[in-house]
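Heads up, there are several structures right after this.
Next come two complexes, and both contain subunit A; in the first it sits with subunit B, in the second with subunit C.
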Partner chain A sequence: MTTDLSTDPAAVLADIAGMLRTVGADLGLDDVEITRATTFHDDLELESIDLVVLSGALRSHYGERVNFAEFVGALELDEIIALTVGRLVDHVVASLAAAA
Partner chain B sequence: MTERLRTGGITTHAARLGAWHGDGRPLVVFVHGLLTDSLASYYFTLGPAFATAGMDVLMYDLRGHGRTDRPATGYRLEDFVDDLAALLDALGETRPAHVVGNSFGGTVATAFSAWHPARVATVTMIEAEPPVAVWTGHMAEGLADAKTRLARAEAFGWISANYGAHTARLSTVAHRIFESTTLAEDVPASRVIADDLGALTRPLLALFGDESGLAEQVPDLAAKVARCRTVVLPDQGHSVLVERPQETRDLILAWVHEHTLAEAAP
Partner chain C sequence: MSRFLITVPPLVGHVNPLVGVAAELRNRGHDVAWAGLPDLVHRLAGSDQRVFACAMPDRGLARSPELTGPAAFRFLWDEFLLPLAITMAPGVTHALDTFTPDVVLTDQHAVAGALAAERFGVPHVTSSTTSAELVDPLAGLPKVAAWLTGRLAALRDGPGGTSDPRFSPHGVLAFTARELVGETGPGIHVLGPAIAPRRTEPDFPWQDIDLDRAVVLVTLGTANTDAGTRFLTEAAAALHLLADRVQGVIADPGHVLADVPLPAGTIVREYVPQLALLSEVDAVVSHGGHGTVCESLWHGVPLVLAPIRDDQPIVAGQVVDAGAGVRVRFGRVDAPRLAAAVDAVLDPATGHHAAAAAIGRRLRTGDAVRAAADFLAATAVPRRRGASASR
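Here is the complex of A and B:
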């Protein structure tokens, strides 16, 4: 990946919201507002398999710089259940900054 | 990366980690369990560690599960085994695989080794039984019980109150599979192997939790399977993969390394 990726949190949030709408197209996520406080489990009702698909989308977009599987793998089950979009945005921003 | 591949009559959702250059690296295939499970159970646990260790990792959603197709019928063990063979064919894969399965996935892995021994390097069962007659009895009992309990709509409220919303959500997924497929009837009608386990010719690693009851098979497995290693984790029930991921990872990594070196030796 050679594209210039923004590390601006608002831009990353918009990117991830776009990916979530694609991942959740058949789950009826089109109309759901996605903010930093949105939780994957309770608000979006994503199952763990949906997180795998999101992981693939993140990899396509950000390449090697963002390792979502490793990020989620380090979390406890209750942390995964409580995971918010904002926490993922922060992880992506930090990963992109570290790789820059 | 995740991908959808045509496997026989269905489309299978799979995820691969590792280099996949086909240059003699070990191939490890992970098979998940029934109903509330998907490839995610490995994607976020064992998968990345095996890729980091230099192995090619293949994870996939079983038919009826995750994002693989859910046909209304065709849920006998032999259907799941055919799907795995078709998946390896679809990837053009000819390396004998180290097949690792959790719970029902362990039975699929063991059956695959019995019916396709040339495609298997080693088998690992995590909290599982080989596909013998007594296993079909256990599955008939367990599935009928789960189906009945989930069929009572009020059970979801009860599950939610007693085990939390997360477990209730998983139960909804299981209920949906029972309602739309013949899985509960098909699995107990599966093809089996003879009780002498003579069909299990590939090296077998069997992991158990000492509190689950399945560990009672250890003497029988050790006596009947020529190249068998059994490990029983103390103070542990059925959820070995979820609750003891580090030990599980280290035991299987060491096992695969050992057998890769043995194969490479002149």
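Here is the complex of A and C:
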């Protein structure tokens, strides 16, 4: 279940890093350090198909409180190109706080 | 008899499917001319083709291997396809003025053809040579979709149509497989791939094909010479791991494997006679270019796909969903993972071979070239009647 989720940014970062390593299991991301500054495209080489999987992982972890599709849909092209893990962490933290 | 103008970008995969369509229209007594890059059209369709020369962006579509994902998408449109629409416009306009076609058949990414036809009041039909543009790839990214449609709209000067120049209201001829695109919207005619017989085929040492091992073709197509060094080197290492059961045939146009050790019997050629080879091979390792994918499936051959950018990740996903191949990461796959992927598609138990064979059987019953010519002729006829009988 998705109760008592931490809104601590460091904890959210750790959660998301874990999801990304699962999503990118076949990418050999096991030993890649994932920080707030890590970019989805240049650093992790994720593709749109990976973002769909990540979206599913976020939903099963956070339930309805985090809407990844809405988050991505609100981004401009330049923002998508430069998208960092930190920006997603901030979105998740804000979404959890708003739902609390 | 009607006159057809075919508008194409300087990209092999976009011209190839239309070579047969042009020949079929001419065989039926119609008059056909092209607007595009004369050297390329002459090389692919024959030196007897009439081509209205169009200027091309100076830099071409040269991109660094690292440019992938949404950054590659931005570059493709901002640095190539949108400038192409502008540089091609005078040549296409000249063709419409002097050739006075009844119908313009314009490639989906040669936007100048759609916009000029619209200005002249000539019906245009879209030619789509990838399965990726038909599945609304930007559906989840409304701001990116708006970014593109805004730029496309800005290409129109003065009055004109309002339709998306990538999708003609008179119809879209999609040279792809239904098994890849699934259900499509109204006005999109999925005709199957138009396999273009090559005018010249490079020599090939057919006597060296090994009858005791599976034969696997490795090719990254015509447009990725510079991007393939790391991948082809890993592929060579994978062939060592597979040496007891697989013979590799590698297309290496950039000669990047010149100093790389290869297992005995491996055939490396600058260019390969791809169509003839596809009748002989058991699997293809490719970047997922739509032409190579359709030609492989047509021959019932399953694929290992390592998409680099553009439509390739979507095409690769469609092949995987159809059960006819597996996908690996172009930028990260190593020899063991690549060897495992090749083993997977060669293993009858995984079903990839059966799925590809079933798709191939169905594709070979179709005739995309004839269907396209029928559609184009039917689009031209009412216009002729309308011109003579005032309504």
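Quick note on the criterion: the second predicted complex is superposed on the first by the 98 of 100 C-alpha atoms of A that agree within 3 Å, B and C clash if a C-alpha of one lies under 4 Å from a C-alpha of the other, contacts with A are read in each partner's own complex, and residues count from 1 in each chain.
Operating definition for what follows: contacts are C-beta pairs under 8 Å (C-beta built on N, C-alpha and C of every residue); 3 or more make two chains touch, one makes a residue touch a chain.
If you're wondering where the values come from, they're calculated on a predicted model, not measured in any experiment.
S.K.: Looking at the overlay, what does A:76 touch: subunit B (first), subunit C (second), both, or neither?
M.R.: Second partner only.
S.K.: Have a look at where A:59 lands relative to subunit B and subunit C in the superposition and call it first, second, both or neither.
M.R.: first
S.K.: Touch test for A:25: subunit B only (first), subunit C only (second), both, or neither?
M.R.: A:25: touches no partner chain.
S.K.: Scan A:11 for contacts with subunit B and subunit C and give back first, second, both or neither.
M.R.: In the superposition, A:11 touches no partner, neither subunit B nor subunit C.
S.K.: Taking the superposition as given, does A:97 touch the first partner, subunit B, the second, subunit C, both, or neither?
M.R.: A:97: touches no partner chain.
S.K.: Where on subunit A do subunit B and subunit C both make contact?
M.R.: Overlap of subunit B and subunit C footprints on subunit A: residues 41-42, 45, 47-49, 69, 72-73, 77, 80-81.
S.K.: Please name which positions on subunit A make contact with subunit C in the complex.
M.R.: Residues of subunit A touching subunit C: 26-28, 41-42, 45-49, 69, 72-78, 80-81.
S.K.: Under the stated contact criterion, what part of subunit B meets subunit A in this complex?
M.R.: Those residues of subunit B that touch subunit A are 1-2, 13, 15, 17, 38-41, 43-45, 47-48, 61, 66-67, 165-166, 169, 173, 242.
S.K.: So in the complex, the part of subunit A that touches subunit B is made up of which residues?
M.R.: For this pair, the touching residues of subunit A are 41-42, 45, 47-49, 51-53, 55-56, 59-60, 67, 69-70, 72-73, 77, 80-81.
S.K.: If you look only at subunit C, which of its residues touch subunit A in the complex?
M.R.: The contact residues of subunit C facing subunit A are 66, 68-71, 73-74, 137, 140-144, 147, 307, 313-314, 317, 328-329, 331-332, 334, 337.
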